[in-house]
Structures are given as structure tokens and as C-alpha cells.
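Below, chain A partners chain B and then partners chain C, in two separate complexes.
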Partner chain A sequence: MAHAPEAAAVTRPPVRPGPERPFPRRRRTTRYGPLRSVSWWFLLPALALYLYVVLAPSLRGAGYAFTDWTGLGSQVSFTGLENFRKVLDDPAARDALWQTLLITVVITVAQNAIGLLLALGVDSRIRSRNLLRVLFFAPAVMTPVVTAYLWRYMYAPEGAFNTALETLGLGSLTQNWLGDPDLALWSVAAVVIWQFSGYSMVIFLAGLQSVPRELHEAAGVDGAGSFQRFWHITRPLLAPATTINLMLSMIGGFKLFDQVYVTTGGGPGHATETLSTLIYKNAFQFDEYAYSTALAVLLAIVVAAVSAGQYRGLQRQKGMS
Partner chain B sequence: MNRPLLGALCAVMTGMALTACSNTSGMSGDGSVLRVASNSSEKISLDAAVAAFEKANPGIDVQTTYADTDPYLSTLRTQLSAGTGPDVFYAFPGNGNAGSIQVLAPAGYLADLSSRSWTANIPDSVKTVTQVDGKQYVLPVTFTGIGAVYNKKALQEVGVSEPTTWSQVLDLCDKAKAEGGYAFALGNQTPWVTQLIDYALVATLVHGEGSTFDADLAAGRATFAGSGWHKAMEQYLEMNERGCFSKDPLGTPVETALKQVGQGEAVAAVQVLATAGQIKDAAPEGTEFGMFPLPATDDAQETRMPGAVGASYAANAKAANAEAAGKFLDFLAQPQNTNDYAAKSNSAPAIPNDAFAPDPAFKALLEHQKAGRTVPFMDQLWPNPKVQQAHLSGVQDLFSGESEPRDVLAEMDEAYKND
Partner chain C sequence: MKRYTARTALLEAVMILAGLVFAFPIYILVNLSVRGADDASSPVAPTLSPTLANYAEAWRAAGLASALVNSMAVTVLSVVVIIIASAMAAYPLARATGRWPRWAFLLFAIGLLLPAQLGMIPLYQSMRDLGLLGSVWSLVLFYCGLQIPFSVFLYTGFLRAVPAEYEDAAAVDGCGPVRAFFSVVLPLLRPVTGTVAVLNAIFIWNDFLTPLLYLSGSSQQTVPVAVFQFVGQYVANWHLVFAGLVISIIPILVAYFLMQKRIIRGFAGGLKG
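After this line comes the complex of A and B, so read on.
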């Protein structure tokens, strides 16, 4: 093996003759060398905290998926993949997965479509745009549990929605919003869409404000209409905001718990059961903590896989555009 | 800053962060603080008991927390397994529930209370659901029932008296409907409410005179599907089709249903008697209430009423303040304090005493208890929490037309066998 200085001597490129520099070149220490290792030292406390508070408990928790622990006591036996096999045979898990997918797709599409429309609206020069931005964003800063309780009362058979419909002479349109199994899932989705469309709006708005006005002006001079300008200029330049919004709303949809738990508890029957509510019930009501952990592990894998797929797809699309 | 110094600084910061995280006890360890947790339905009674206890023990500060059944169970179980559970907490008698003593005691979370003096006064029938392997794990405070809590003025306006037969129940429904109201408020959006009418009906239809149903079920000689449970569910659905219930029960939460009775929009609600306090809270001043057992047949003599140990308190086996926990339970077990607690929750003391004067409106429970015409809450004798959960979601499916009684009962049988 060559001694290090010898190896360096061998691999060093030949020095080309040239004009002498007026000042000696500074060593590039920002990306390589001492500062890089210093930055790792700065990362260490946060990394250690993350490892201790998030990663280690999560991995330890995931370990219960391979046991028969009930959530209480110290009796634990290793059961291998038994809980995962049980998930495949459990119709409740399959139904919950399907309903989770459905509500996630609906929330992701509707929340972002509404968020984009709101962003386009408040990005215009209307006088009340600042007030509107605050109003549309306000629900997003409220606690989901609180908004869910409010909506539960508005959805009640004699709640605000049905009363308003009756007052307007539209009594035939009154619904059993949370009690009808065909409607309940969409009623819950509406709560989420209402609350977080403003959140998507803010991200889109940030994207819109980074689109150079000159591009629109130039396209306008070339005779492009509003829709053409949106489609060929705004839409491609909004790709980063769209990527973030789609990922956040999709992950939120997969993890949906508070709004379902408060408004319907997963019912009527299992009509609004999502993976998160099923995990909760198995852990705290059915005495099946290990099985609920297996469900949680599967949910994490699904979310990670779909997020990664979506991210790659959107990145590819961005590259193409 | 030189590198070794920077590294040392980071190491110190990391150590501090980890040290801060390792302080997870969450327990005050302060001898003057007693942490008590209970179900929301017990708030009125327990708050009064705590106030009396603090007055009698000025050095002890009692901190209470309340939650509705589902969040209560999840919080309690998490705290117990993390070693941060309350010193004294509401535990469910018998089995069939994730917070019942048959689930918590074997896991080692309940202190053995067998040596307490009041255990000698507990009736044998109560011991069966408050003991595990011969050891006393809870203080049974109330004996409660499931019956129809009604608004006297609303019943009067309908023009009928307390129904004592099934036909009279249906008659009440028809007349209340004709008056533009409802006979029974029903909040079946709240899962635990869905079971109450079934329980009230099977008390008579399944657990009547000389019934051995529970023993037969445990021995595999009987099934839910092949029992009077089927008829009970059919009658439950008949009530729904007949218009006995308030509008859209599946979309109505329990709080709304209780308010409907308090304000006279519905005549009655079949409920655990402890919730009568919430009904009274929603009623105008001076409103009077009563209670009748829900008949299931046309022979009034056959009517049984679900009646069982209600509020029960356990001491945490790893209580931060075990001494105060024992003191609190001993205080609560004193006849006067038990009576005050029971009176406020419209129930009877689980450890009977002659000094108890029941509210006349709820005397039917005591009469049934004395006559031996009460049967334990059904889930207290089920082997696991899944049977009850199958029942709760099954009733919602019945009301939404997604299932038939035979499907729901088959699921309950399956859950029972899969213990």
C-alpha cells in the first residue's frame, strides 16, 4: 500500500503554466474540509434528540407488531409475522384501507383545487384581498378536534345545515349527514377540505408570487389569453408548490383521525372507519395492541411508498415541463 | 472556536437534551396531591365527594380529570402502561371492556384492597364483579340501572302513564308522535348508547326467571343468535320503524338526545341512570323526572331491569400517593359519603345501608333490586371487549339497513368464541 503523501503525489494533476495570480486562491473550506465536519457537530444535538424522542420509540413500538402484547402488563411473546397475516384476513382492515384511500383521494383533489382557486382569487388586485387571505386561512390554525365538534353539531339532524335548508324552503334536500352510511364519509371529507383548503391556498399563493410578472406581460403581448397564460406559464412554475401541497394533503388524508373520531367515531357501523381509527380501536378498545401496531406499520409503509412514488412522479413531470 | 472545544460543547448540549428527556416520570411524588380520574358521567357525584374529602383532609389537594368512556379508556391504559397512571381511577366491574378489572388486575395495575375494612360489607352478588381470583380490586360505590328516564310533564301531555307492557310502549310511541313529538330520544351516533335498549329488552327476554343463559353461553351450549337477543333486536327495530325515536338517531350524539328529554321534545330516553343528572341540567327549573324499566313483553310481571354495580374506584398499584389513595377510598366507602354519591347519580349505594333515602323518582331501581328482578349489565360477563364492540357497531348497521339481526348476532357469537 502506498504511503498517503506518495499516493497524493501520484494522483495530483500536473500544474499547468500560466499567468501568476495577483492574490493567492483561498482554500475552499465551505463544502469540504473542516467546516463540513463542524456542521455535523452542530447537527448532533438535534439528531440525538430526534433519535431519542422520535426514531427510537417508533422503532421500538414497531417491534410490538411481531408480538402478542395487549397493551397492558409485561407478558410479551414473539409471534413473527402472525399479526401481518391477520391483517390480510381481516375484512375490517381491508374496508378501512379502501375507505382511507377513497377519502385521501377526494381530500387531496378537492383541497388543492379549492386552494388553487382561492390563491388565484386573492392574488388578484381586489381591494379586500388581505382580509380574504386571513379569512380563508383562519380555519387552518384551529384545532381539528374543535372544528370537528362544531361541524358535528352543524351536521346534526336538526343542526345548522338542515335548519338552513328548511328555512330556504329546500326541506327536501335535508340529509342525515353523519348517520347515512352512504354520505357520512363525504361529510367527514368536507370538514377536512373546509379546514385545510386555506392552508393549500397559502402555499399556492407563495408560489404564485414568485412567478415573474414579465412573463405574463410578454405572453399577453404575444396574444395569449388568461387560460393560456395560466396553463403555459403559471401552472409549470407552480410545480414546487403543487408538489408540496399534494404531498402534505395526501399524507394528512392517510393519517386522518381527529375529524373521523369526533364526528362519527368510524360509524355508522364501519362506514367511515379509516386505518387510523381502526388502529386506535384495536389498541385501546379491543385489547389488541400488537395487532394495531402491525396496522400502523403497514400504514407507515403505504404512506412512505405512495409519497415517494408521488414525489418522483411530480419531479419527473417538473423536469419535463 | 477550535474544534475540540466545539465538540465538547456539542456533547454537553446533547447530554443536557437527553437528560431533559429522561425525566419521564410525570408524577409529582408530592404527598399532598392525589390524582383521581373518572368517567364524565360521574363528574357531578365525584366533584361533590372530592370537595367533601378535601374539607375533611385539608392537607390533601385532589386533582380530578374526566373523559367520556372511549378517550377515558385510551388515556387510562396508556398512562398505566407508562407508569404515570392516576392514584385512584374509575374501573369497570367484571369483564368485557378494555378498562374492566378482569383486564387490568391480571396485568398488575390494580392495588389489592382486600384488607380494607369496608370489604366485609360488600354483598356477594357485588363481589362477583368486583373481585378477581378472590381479591378485592375496586370499591363499588353505586348500584345503577338502565331504564327509561322520562320528563313527567312531557308524559302527561301525551296523556299516558308509565308503560308496564310492550303494547303500552308502542302506544306511547304512537301518541307521542300524534302530538308532534317523540317517545324516546336516541343518540345512536355515540357508540355506547346503541346498546342500552337491547340491554333493557334482553333483561326480560333472555335473562328472565331461572335463566342460565350466561353459563350456557360460556359453556358453548347457547349462542346470541339462537337466543332472545334476536327478538330483542327485532323489537328495537320495530320501535324505530314505528317512529318511537327522535329524528335520525344515527346522526344524533348522546348530548343532543339528553337535551331533548330535558327540554320536553322527547318524553324519555333509555339510559344509564347516572346520565339523569345531565338531563336535569338541560331542563328548565322545576322540571320533574321519573324512571320506568322498559317492558319487553305484555306480562308486566316478567319485566326485569338491567341493574349492576356502576361507579367503582380502584387504587393504582404503583400510585405516587398510595396513602392518600387508600384514605380517599376509605372516605368514599363511608355510608354517608356513598349515599351522597349515589343520590347525585340517581342510583343506589352498591354497599347497602339503611340510611339511604332514594329519590322517589328513581325508586323503581331499588324496588327491582330488592325483589331480585335486576340482571347484571350483559357485557360485564362477556369474556373480551370485542363482543361489546361487535354489538355497538352492529346496532348502527341495523339502523342504517346494512345488516340484519342475525348477522350482528353471528358477529357477536364469533367475537365471544375468539377469546
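After this line comes the complex of A and C, so read on.
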């Protein structure tokens, strides 16, 4: 499909400043002139890598979702929507879908609420602000597998949390953090929230720094309290940062794998199974290739729907400002 | 400018408390990693006689040396290719006229939405057919493709906001598009190149699922996979495991503390995209 546009770009005569009137043409040259010669083949390396690694395999994967391929034999037959019917009948898949949505919502809300509070806290006159910024963001650069192992120990029955609670005389609050099916999903969410709240903070901070200080000072002179100033000045101006943050944490939540796989492996039972861990298990442990791609198609639809909603929200914001 | 008031002091106290809560897991990690095997005191209590014996043993047992080299090579190679390919693609996408740049941009945007799991198995087969399974080259190829849409997106957004005057001047002076790209456009892109490099490098260094798939059963490992296998082997010995975990995150933490301003700015840079 690159050929047709190329032809279109090439057939138009190049606009060059004519020798008889070079200056009146300058403006058009600035916008279009030499850029015409920016050839489409600059796209080739990126396009080739992208097609080979992302687009073509994704299309093939989506195709397998409509077959009964197990990945073992060469026998493949078209089965229509059979795999998707199986998703609806599979309690593990239903649990995984529900839990993926739940953990995504929990992570998105908590991570951004905490991130915003941290950003407001360090965007102040406090002396430790620079040190705290570095500290809060540090978990975000750490390898998720490593932080997940760390937290697996923190959560262990004789681990750091229960010991700390007992030291504080709160022995009655000790929990089987990862072994209790009602609690495990929240415990896993807490790992992600701890790790990435600092990431949200950093993006909110960049947004806060774009809020002109004079606006706050003017509102203060007019007698607005700090909460009023936050609500009427800071909050609207933080809209772009909020949108980016919500998008990043949602997409991260939907694709969550490392933290779940390392802390609970999806258990106990299926209590912390997410779509990503279930896709992995079906593909590489149960040899249910076609079924796993059907689950991946489902995941793609969820991610695309949420992103499209976010994108429209972003466009509407741009339209307003 | 406001002064340091009583309210500021209260805020400072609250924030430091939050900082301590955030630092608690890291304190436990370091505290236990320097603790001898016979020290049975509470994990919360500070280790009174710290030792580095766990580090020496973890370094030997986990094979982290070769994993670090692999991770470093994969990260650097991938980031360099991603930067060049994405910046090149952004040039016509941001500058060329006509309708096709818009369509091409949308094609890349689709890649932002596709979850990697969708193409995971077909790509696994492609890698097998190329004979790349078990080799770190499969990872380089994978990361380059996977991170292209996002990087093209950042570069194109940035370049659109940069006026074309410099390229025009170069073109008037007889500079062809290739030279204009390397000696005018690429230097102009430097601020966003920092963002692209930081975000991609941290993602690639930390990625676990991909090397778990492509390198499984081979002697080649990256740091996250080496950690995963090491912990699987010594899971009962937490002191040893924690020393291994600390070693594995030292390179990225050192980079972070040395370049924290740059890295934090890099992460926040997505805001302008």
C-alpha cells in the first residue's frame, strides 16, 4: 500500500523558487518546497520492523482464534466462533476477564490518586522535596520481576508485613496476604500501585509545573482557599496529564503479567488469574494455541475500546481549550 | 513567594512519613541481603552484623555476570536501532505532503493498541523458523519492532511542533534529504531522543515475558530471567535471594541516581507527545 501514495507524492512537480522571483515564493517553500523530496523510503526500516514483529503476527494470531489449532499437529480447521463460545463457558476465562477489569480499575484509581497527592506534596516549599521525588519514583525503574519477588516475601505468612504488625502490637491484623482468595487480588494490586504511583506523580508534576503561578497568586488575592484554587485552577489545567496517566495505568493494568505470575501464578485457584496469565498458560502450558489467541483477541478488543474512549476524551479537551 | 510556615512543616512531616512507607520494602530488601544465614532476628530489625557473603555467593550461583552482559547488549542495540528507525520514519510523517503520511501514521497508531499477546505465538513460530530461538538476536528484533509505534508517535509529535526553517535553509544550500536528516533533523530531535532512549531502555532492560519465551532452555539469559531461575532454585534462602535481587537492580538504580533529572524528565516527556 506504500506504492500508491508514493506515486502521488512523486508526480506533483517540485516547487522550487524560480530565479525570476525567489522571494515571494519563500513562504510556500518553507511549508512545502524541500519537504516534497522527503521520500517515503525513510519509512522503510520502521515499517518493515513493525510489519514483521507486530502487525503480521497479530493478524495471523487473530486468524488462529477462529480455528482449532493446538500448536502441535499441522491439522488446522476453521471452527468459526467456537473458541469465543468456549471463553464464555470457561469459568477460568470468565474469572480472568472479571479480575482483569477489577484490578485495572483498582490500580488506575489508586495509583493516580496517590500519584496526584504525592505530586501536590512535593510541588511545595518542603525541604525534602527533591529527595522525596527521587525516592517515590525509584520503584518505577526497578525490574517488575524483582519487586514482585520482594513483595512475595513481604506478604509471606512469616514475612515482613506480618512481623511488622506483630512488632507494633497489631498481631490480630496479620493476614495470609497471597493465600487468601478474597485478599490475594488486592495484595497483587498493591504491588503495582506501590511501584507505579511515582510514575503518575512525575507526569502530574510536569502538568503542575505548567500551571502559571500568577493564577494562584491572583486567586489568593481574591480570597480563594487552597482547595478552591486546586479545584478551579489546578484541576482543569491538569487535564492532559490526567488523561495520559489514566491511559498508561489502564493499559498497564490490562496487560498485567509479571507481578501476577511471580507473586501468585494466578492462584490460589484462579483468584488472581488475569487475561495475560491465562493466555500464557493456555499457549505454553496447556498447548491450547487457538484458544489462547481467542483470549488475546478479547484482550485486544478491551484495550482498543478503552483507548478509543480515552482518545476521544483527549480530543474533546483539545477542542475545548 | 511563600515562606516556610507551620503548615509547610506539617506537610513536610506527612510527606516524609509517606516516603518512609514507600521505602519500607526497599529497606527490608537491603536489610536482609546483608544478613548472615544464622541470624534469626526479626526481618524488621536492623541487621547488627552485616556481611557481604550473600552477595558473593549469589553472584556465583545466579550466573548474573553473563546475564548482565546480555541485557546490556540487547538494550543498547535495540535502543540505537529504535532511535534511528523511528526518527527516520517521523521525518516524512511530520513533513511530507499529501494524504499518505496521515494513513501511515494511523497504521503505526494501530500498533499502540495491539496487545503483544495477540502476535506472541505466531511471532514465536517466525523466530523459530528463522532459527533465532535461544539467541539474544530474537530479543533485539522483537524489541525493535514492538517499540517502533510508540517511538514513532513521540518523534512525529515532536517534529511537527518544530518549524521547518532549518531544513529549508539546508535545502536552499543544496542539502539533499539524507544529509538534511542526519545533520539537521536528528540534532533538532535531541530532546525527544532522550525521552525515547530512557523509556525504551528501561522497558527493555526490565522485560521478563519475552526473554522467558525466546531464551527458555538455552544458556543465554537476561537479568530478569536469570533472577527468575535463581529464585526458583534458592527460594527457601531469602537472604541469598535478596542479595541476588539487589545485584540485579544495581545497574539500573545507579543509572537512575546518576541521571535522575534526565530520566524523570524522560518519563514526563510523554506528556507533550
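As a working rule, the second predicted complex is superposed on the first by the 272 of 321 C-alpha atoms of A that agree within 3 Å, B and C clash if a C-alpha of one lies under 4 Å from a C-alpha of the other, contacts with A are read in each partner's own complex, and residues count from 1 in each chain.
Quick note on the criterion: a contact is a pair of C-beta atoms (placed from the backbone, for glycine too) under 8 Å apart; a residue touches a chain by one contact, two chains touch by 3 or more.
Predicted model only: the values in this text are computed from it and were never measured.
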First, second, both or neither for A:A218, with chain B first and chain C second: neither
Larger contact residue set on chain A - chain B or chain C: C
Which superposed partner A:S128 touches (first chain B, second chain C, both, neither): second
Partner chain in contact with A:L49 - chain B first, chain C second, else both or neither: both
Partner chain(s) touched by A:T264 [first = chain B, second = chain C, both, neither]: first
Which of chain B and chain C A:S292 touches, first, second, both or neither: second
Chain B versus chain C as contact partner of A:L170, first or second or both or neither: neither
First, second, both or neither for A:Y280, with chain B first and chain C second: both
Touched partner set for A:M142, first chain B, second chain C, both or neither: second
Shared chain A contacts, counted only where both chain B and chain C touch the same residue: 34, 37-38, 42, 45, 49, 52-53, 71, 153, 280, 283-284
For the chain B and chain A complex, residues of the former touching the latter: 3, 6-7, 10-11, 13-14, 17-18, 21, 70, 73-74, 77-78, 80-81, 98, 103-104, 106-109, 188-191, 246-253, 256, 384-386, 389, 393-394, 396-397, 399-400, 402-403
Residues on chain C engaged by chain A in the complex (per definition of touch): 2-4, 8, 11-12, 14-16, 18-19, 22-26, 28-29, 32, 42-44, 81, 84-86, 88-89, 91-93, 95-101, 103-104, 107-108, 110-123, 126, 141-142, 144-146, 148-149, 152, 164-165, 167-168, 170-172, 176-177, 180-181, 202, 205-206, 208-209, 213, 223-224, 227-228, 231, 238, 241-242, 245, 248-249, 252-253, 256-257, 260, 263-264, 267-268, 270-271
Complex interface listing, chain A residues touching chain B: 34, 37-38, 41-42, 44-45, 48-49, 52-53, 70-74, 152-153, 155-158, 176-181, 264-271, 280-281, 283-287
Touching residues (chain side chain A, partner chain C) in the complex: 1-2, 4-6, 8-9, 12, 17, 29-40, 42-43, 45-47, 49-50, 52-58, 60-62, 64, 71, 118, 121-122, 124-129, 131-147, 149-151, 153-154, 159-160, 163-164, 167, 194, 198-199, 202-203, 205-207, 240-241, 244, 248, 254-255, 257-258, 262, 275-276, 279-280, 283-284, 289, 292-293, 295-297, 299-300, 303-304, 307
